[in-house]
Amino acid sequence: MDPIGRRRWAIAEGFIPGESHGRGGPAFVSHETACILNVSDRDAHVTITIFFRDRDPAGPYRRVVPARRTLHLRFNDLDDPERIPRDTDYSSLIESDVPIVVQHTRLDTRQAESALLSTTAYAD
Amino acid sequence: MDPIGRRRWAIAEGFIPGESHGRGGPAFVSHETACILNVSDRDAHVTITIFFRDRDPAGPYRRVVPARRTLHLRFNDLDDPERIPRDTDYSSLIESDVPIVVQHTRLDTRQAESALLSTTAYAD
Amino acid sequence: MDPIGRRRWAIAEGFIPGESHGRGGPAFVSHETACILNVSDRDAHVTITIFFRDRDPAGPYRRVVPARRTLHLRFNDLDDPERIPRDTDYSSLIESDVPIVVQHTRLDTRQAESALLSTTAYAD
Amino acid sequence: MDPIGRRRWAIAEGFIPGESHGRGGPAFVSHETACILNVSDRDAHVTITIFFRDRDPAGPYRRVVPARRTLHLRFNDLDDPERIPRDTDYSSLIESDVPIVVQHTRLDTRQAESALLSTTAYAD
């Protein structure tokens, strides 16, 4: 299938709350997600770099999104080379060797009810 | 009227919850929607392909958005050639023979109050 | 100031709920808004057309956004040439004679707590 | 690192509620945020101008986003040359001397539960 998307994306918003009441199991733990779609016929090798306010960037974190597959990547799960700190503002840069589409979503369960936000990420 | 939009769109985020308390009737059943606008003077023949994490894509699903009309398409209603699985991450590719505009929205009623998200989809 | 934006925008999502608990006064009545920014030194003459699923479009609705001003336009307030029907899916096309920037926002108060969504609209 | 982004961004939506129940401390005070990412190797000198419905624009407000850093800027904190009025519709224009990426987010705590919205801002 013809590829769609770009090779370089940015998500300027990022924040993983340190607490979560977690009602209902893992689906309701607070999380930040980068949804990554690769419609092409080639695997996408994706590199993620995390930027902070007052320290050097973290990463690179590496993932493969196989051909004609999607990956809903939770930033909470990134721990190599280091875990992303909680309760800390960050941004992310997502780079790939084939065109991909990236959408950012957050589920927040710090208070009694969940809240959602989502936006198509930025690509040059 | 002069057309506006593109012929090829992607929504990287997708998730239909398997449970819904459904207070207030169908308007409050959890759903994912692709709002599709066709301002042109020609009918738009739209094809939707659904991508998953660990299986081949589903589809094509076909819809017509008539000239100078909008269609708020619920992914929950897609069932030919197959129903979209619940509680499963997916992404969608939406292709049309005339320019259209696509916006993604989710209403989530798993918890006591609804939550909304929306974003203009991605077009090359 | 140098203008920023485009002359032709679309918002594919649109829905004004027919009921609202209205706690807290007008600020909490359910509403759909198109926020329109005109940073240029010329007034923007804006025309809005509303598209539906199963009838001809409504409009044009006309507004002026003065030079170096913003207008947060509530679709609920549009009533000339006709009121936008409640509980009905719609989309909107927003055209201007000078470049503007358009962002779509919804506050939903049908249930006990408000929910918010927002996205930059689509421009060719 | 190669820069990503643009030098001129607009956020048409803006509104800082005048009241907030503030449960849980500063993290739950209502706020509007512009998340600004600078992946380049040069500091970004950022100028923000605020537009209103019925008065001249406010600003410029100035901030530096250092090379390879992010800044989650709360509009609530802008007070030089003047505080942004509460309960008032506004829009913002964000200009930089190096490419940046801007994302808009709002947390609203006027009612019992928080609500979130976010969108990638508009760049020409």
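So that you can tell them apart, the chains are marked A, B, C and D in the order they are listed, and the count of residues begins at 1 in each.
Here, contacts are C-beta pairs under 8 Å (C-beta built on N, C-alpha and C of every residue); 3 or more make two chains touch, one makes a residue touch a chain.
Worth saying up front: this structure is predicted, and the values here are computed from it rather than measured.
A.B. asks: Give me the superposition rotation angle from chain C to chain D, based on Cα atoms, as a multiple of 5 degrees.
C.D. replies: 90
A.B. asks: Would you mind working out whether chain A and chain D touch using mostly the same residue numbers, over half shared, or mostly different ones?
C.D. replies: Chain A and chain D contact each other through largely non-matching residue numbers.
A.B. asks: State the chain with the largest centre-to-centre distance from chain C, centres being mean CA positions.
C.D. replies: A
A.B. asks: Find the geometric centre of each of chain A and chain B from their Cα atoms only, then give the gap between the two centres in Å, rounded to an integer.
C.D. replies: 21
A.B. asks: Which residues does chain D have that touch at least 2 chains other than itself?
C.D. replies: 112-113, 115-120
A.B. asks: Which of the residues in chain C end up touching chain D in this complex?
C.D. replies: 1, 4-5, 23-24, 27-28, 33, 35-37, 39, 68-72, 101-103, 105, 112-120, 123
A.B. asks: Given the complex with chain D, which residues does chain A contribute to the contact?
C.D. replies: Residues in contact with chain D: 8, 10-15, 49, 51-54, 56-57, 87, 89-91, 93, 104, 106, 108, 110-113, 115-122, 124.
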